[in-house]
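The same chain A turns up in both complexes below, where it pairs with chain B and then with chain C.
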Partner chain A sequence: MLLQVIVNGIATGCIYSLMALGLTLIYKSTEHVNFAQGEMSMVSGFVAFTFFQMLGFSIAFSLFMCLVSSIILGLLMERLLVRPAMRAPHFNVFIITLGASIVMQSGAGLIWTYDQFPFPSPFPGKALSLGLIRIDGVSLGIMGTTALLMVGLYLFFKHSKTGTAMRAVSQSQNAALLMGISVKRSFALTWAISGFISGVAAVLIAPVIFLSTRMGLVVINGFAAAILGGWGSIPGAVLGGIALGILENVAPYYFPSQIRNIIPFAVLVGVLILKPTGIMGEETKRRV
Partner chain B sequence: MLELEGVETYYGKVQALKGISIKVEDKSIVTLLGANGAGKSTTLRTISGLIPSRRGTIRFRDEPIEAESPERIVKKGISHVPEGRDLFFDLTVDENLAMGAYTRKDRTEIEHNLSRVYAFFPVLQNRRNQYAGTLSGGEQQMLAIGRALMSNPRLILLDEPSLGLAPLMVKEIFRIIQEINREGTAILLVEQNAHMALQVARYGYVLETGRIVLQNRSELLLEDQHIKEKYLGTRK
Partner chain C sequence: MSTHSTRTGLLLAVAALLFFLCPLFVSRYTIFVLNLFAIYALVAIGLNLVMGYTGLISAGHAGFLAIGAYTTAILSTSMGWMSPLVILPIAGVLTGLIGFALGIPILRLKGFYIAMVTLAFGVVVAEVVLQWSSLTHGDDGYKVPRAVLGGFIFDSDVKLFFLIQPITIAMTLIARNIVRTRAGRAFKAIRQSEVASETMGIDLAKYKTAAFAVSAFYTGIAGGLFAYAVGHISPDSFSMSVSIDFIAMIVIGGMGSILGSIIGAVILTGIQHALSELPEVQTLIFGIALIVFMIFLPKGIGGKIPDLMQSILRRNRNH
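Let's turn to the complex of A and B:
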């Protein structure tokens, strides 16, 4: 059932989209590349795990704390690691976030061990039949939550004053300062939002692949998705993620299943040869 | 209204302003002339708080502002139209104007300012949902000035409004600058087009390599031999 495989692919792809979206938001507004986006997700997943497994809180409260901690983690990353290096070359910040991701991974291993843990899904496991295809509740929940988050972010950036100011900062920090917009606050808010997205990703992904310190590696697929869609483009990040998810699920349908991890990257390279800026990426040209 | 005294500004180790003293009276137009690299834009950037001054005082309406953030300076009533317009290209005309009013909270005041800007620049109203990057050069300059007006400033710092514009458009922009001034806003105008600038300004300063070398009423500067040779390109 090709259609069925595609639907499953979209659900996987949503996770990649979320990763890519977190990366893209930070890149667009600060031009920094956050390699720790996946680890932020992993750590907030373990925070939820601590609350329900170790401290005995309810699942709902624990997942809520997962989201709260992801926002705090984003803010901490910005304030403690990125802001002090604001004037450093972007490559330095990339290395700083890479270092942060390694620290978080080892730190999580020390605290919570390197085992895999089951993680409860907030969505019912019951499958829904739609004609020929069946969508299980978890996949449906992933797609629904991702869609809701995207719409929310779109409305925020397009129609709120703060969201518009954040877009303004991403276009010209100099002019934004002259308007009286605080660039620092805007950067902090960007990291908080990216943190929140990583928290949502944790809630969605951990029930599917189990909670472990290796969970953060999903950021690699996030990078692939963002580049496939067009680095720096928000619709591109979403589209790239979904395309990557579908490819990954459809490839084993036709080829031996070991190819699962090869095909998406082969396609990625192919797309970049044909259109170096990615699917939605645009060359910067502008009237002066 | 605005008074700079002995202001010194550095870019790293390079001193860009070597002790500048300037005065802008209430509701007047004052121009700052000089060649490329003389320090004209640096002066404006120092006033609006984008670069810190290392020595000297800047007073606006009898308050020292040399240590304030750009945000606070906008709130106090100084708007800066930067060099090369520096618009938000991927924001619409309306969104650019809304950002100009970022520090204003009062909705009716913002609405009032918006209709005032559209009265000055009717062409912008027809393009209100267009991205700023798609406007012509003249329209972009209008939008940059309109954006600065949105915070309802008492003083506008205008950096090279004639840059890259056709002569007719330059005329139109200068006409609007005078109109804005007539409604009570003081203007500190930086220009390479000395002739145009001295025609609208009441008073002028000439900057050379970070120092004021000449200052006088505009009509006298227009007659000055040094100015004529160096900035007006006329010899008699």
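Let's turn to the complex of A and C:
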């Protein structure tokens, strides 16, 4: 039975991993913290909803538009909000993305109301039995898609020319610039990829927790996951997400069920107080 | 120069007199809103001390407000004979101690991590208030008894006006002095560069925890006054979005400016009450304001005031 709970936890955790991954990618390349990562997910989820519910398009096309809109949203965020403040302290950009998250949340509330809407899952509902545990199709789909996306990103960053250039920018902007890499283009691309990840997260998460303006709050779990794994580490983000998912599903087993709500916050506080570098993070050296 | 300062002093005295006479002329609702302005001004000043002056982001000040408010409410119920002038300092000091305790783990952390810890702190406080219902009455909310000072019962907004406004004015003046002392200069130095200020002999641990403690103290007192002013508190009044509203106050009003804190608190509370029927529009405006100010006017309205004063003075001199 515990094994079953853990498997469910891994499925939830995959979504947190995606959130954490989007946050980490942006942080690694630009050192900015995007508080609006979850709201980007939420808005692109509502875009899909508009296509299939209000305009009557097919589910497949709507989900495709969800991904497209998430990329556009990422690019818009970079161009309109972050780039104008590029020279400003990171503090300012954090507040700007915080503002963006409020704008998206209340804007979405005004357009699509604060109700909850069912969201179709692209995966079959049929469950797969593996001995004692059963994995339903949706969970399997979440795990499979996440794994696929991770492998895709790994190959992109490791082996493509653009990916290598982006890694160079994250190591040293000046050196990359001298090598003829466009730093601005690289930043924009980072936000686009991050947006895309948030779109994938929307497709995966909305069928499970319903589509609503509150969906963006998953960013908090993303932060908790990224910090648990070690802020700034990509493998850490993935690992932290899965660990957090398992923790959230296992804890109500031993404690009163309300504990589930505060797990991400408890993890945030606990990790930052006891071991701020998380599982995989490295000690950052202070540059004077 | 001396005639100039006496004239300003006189002007201020007249303004204060007019201000305290205003309950005679304005409606009860206006008085209630003026009280809220003062309470949120205290919160904004408190937040500004830690965020605007010292540069440590706090996204959990609603948690401090809750601690102050519930301490006041519970003390007023269980020890009704205590005057608000005893209860409020207890609430403030207790909140300040919790702020101090929160400041200790924060010493190891930087920038965005601090934002995350404080955010989590705020949410955890609201959750504790919700779950600890034997003490806080949980979701039902807590009915706050009237403040009683030596037989005088503060049972109307006008009477509370004379409790809330003097406290706010006194604490504003104290804050204005704090930022001008050694501690205030240390706060500003820490914001500009931790390494440089450490090199100059500033004890980072001491001043950072002090900033959190003082900030929490201010917010705790504000929480107590808030409990008296609204008369009924529940965990909803202290959600994460409330903490973010506080950030919006000081971003709009001006980080690192006491006057700016007041301006921001007044503007945001004013919008909240003008648009109380349209909460979505309210938050939309706050969000847009956060973005626009951070991009175009990162020092807020308060940061612009010195420039304006200077240009006015210069024009006067030219005449």
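FYI, the second predicted complex is superposed on the first by the 270 of 288 C-alpha atoms of A that agree within 3 Å, B and C clash if a C-alpha of one lies under 4 Å from a C-alpha of the other, contacts with A are read in each partner's own complex, and residues count from 1 in each chain.
As a convention for this text, a contact is a pair of C-beta atoms (placed from the backbone, for glycine too) under 8 Å apart; a residue touches a chain by one contact, two chains touch by 3 or more.
Quantities reported herein were computed from a predicted structural model and do not represent experimental measurements.
In the superposition on chain A, contact of A:Pro120 is made with neither chain B nor chain C. Among chain B and chain C, the chain that touches a larger number of residues in chain A is C. Of the two partner chains, neither chain B nor chain C is touched by A:Gly163. In the overlay built on the shared chain, the residue A:Pro252 is in contact with neither chain B nor chain C. In the superposition on chain A, contact of A:Ile102 is made with chain C only, not with chain B. Once the two complexes are laid over each other on the shared chain, residue contacts for A:Ile181 go to chain B alone; chain C is not touched. Put simply, chain A uses residues 286, 288 to touch chain B in one complex and chain C in the other.
Residue ranges on chain C touching chain A, taken from their complex, read 55, 57, 105, 108-109, 111-113, 115-117, 119-121, 123-124, 127, 131, 195, 244, 247-248, 251, 280-284, 286-291, 294-295, 298. Within the complex formed with chain B, the chain A residues making contact are 161, 164-165, 167-168, 171-172, 174-182, 286-288. Residue ranges on chain B touching chain A, taken from their complex, read 48, 50, 70-71, 74-75, 79-80, 82, 84, 86-91, 95, 98-100, 102-103, 133-137, 147, 151, 164. Within the complex formed with chain C, the residues of chain A that make contact are 33, 81, 84-85, 88, 90-96, 98-107, 109-110, 220, 223, 227, 231, 258, 261-262, 264-266, 268-269, 272-273, 276, 286, 288.
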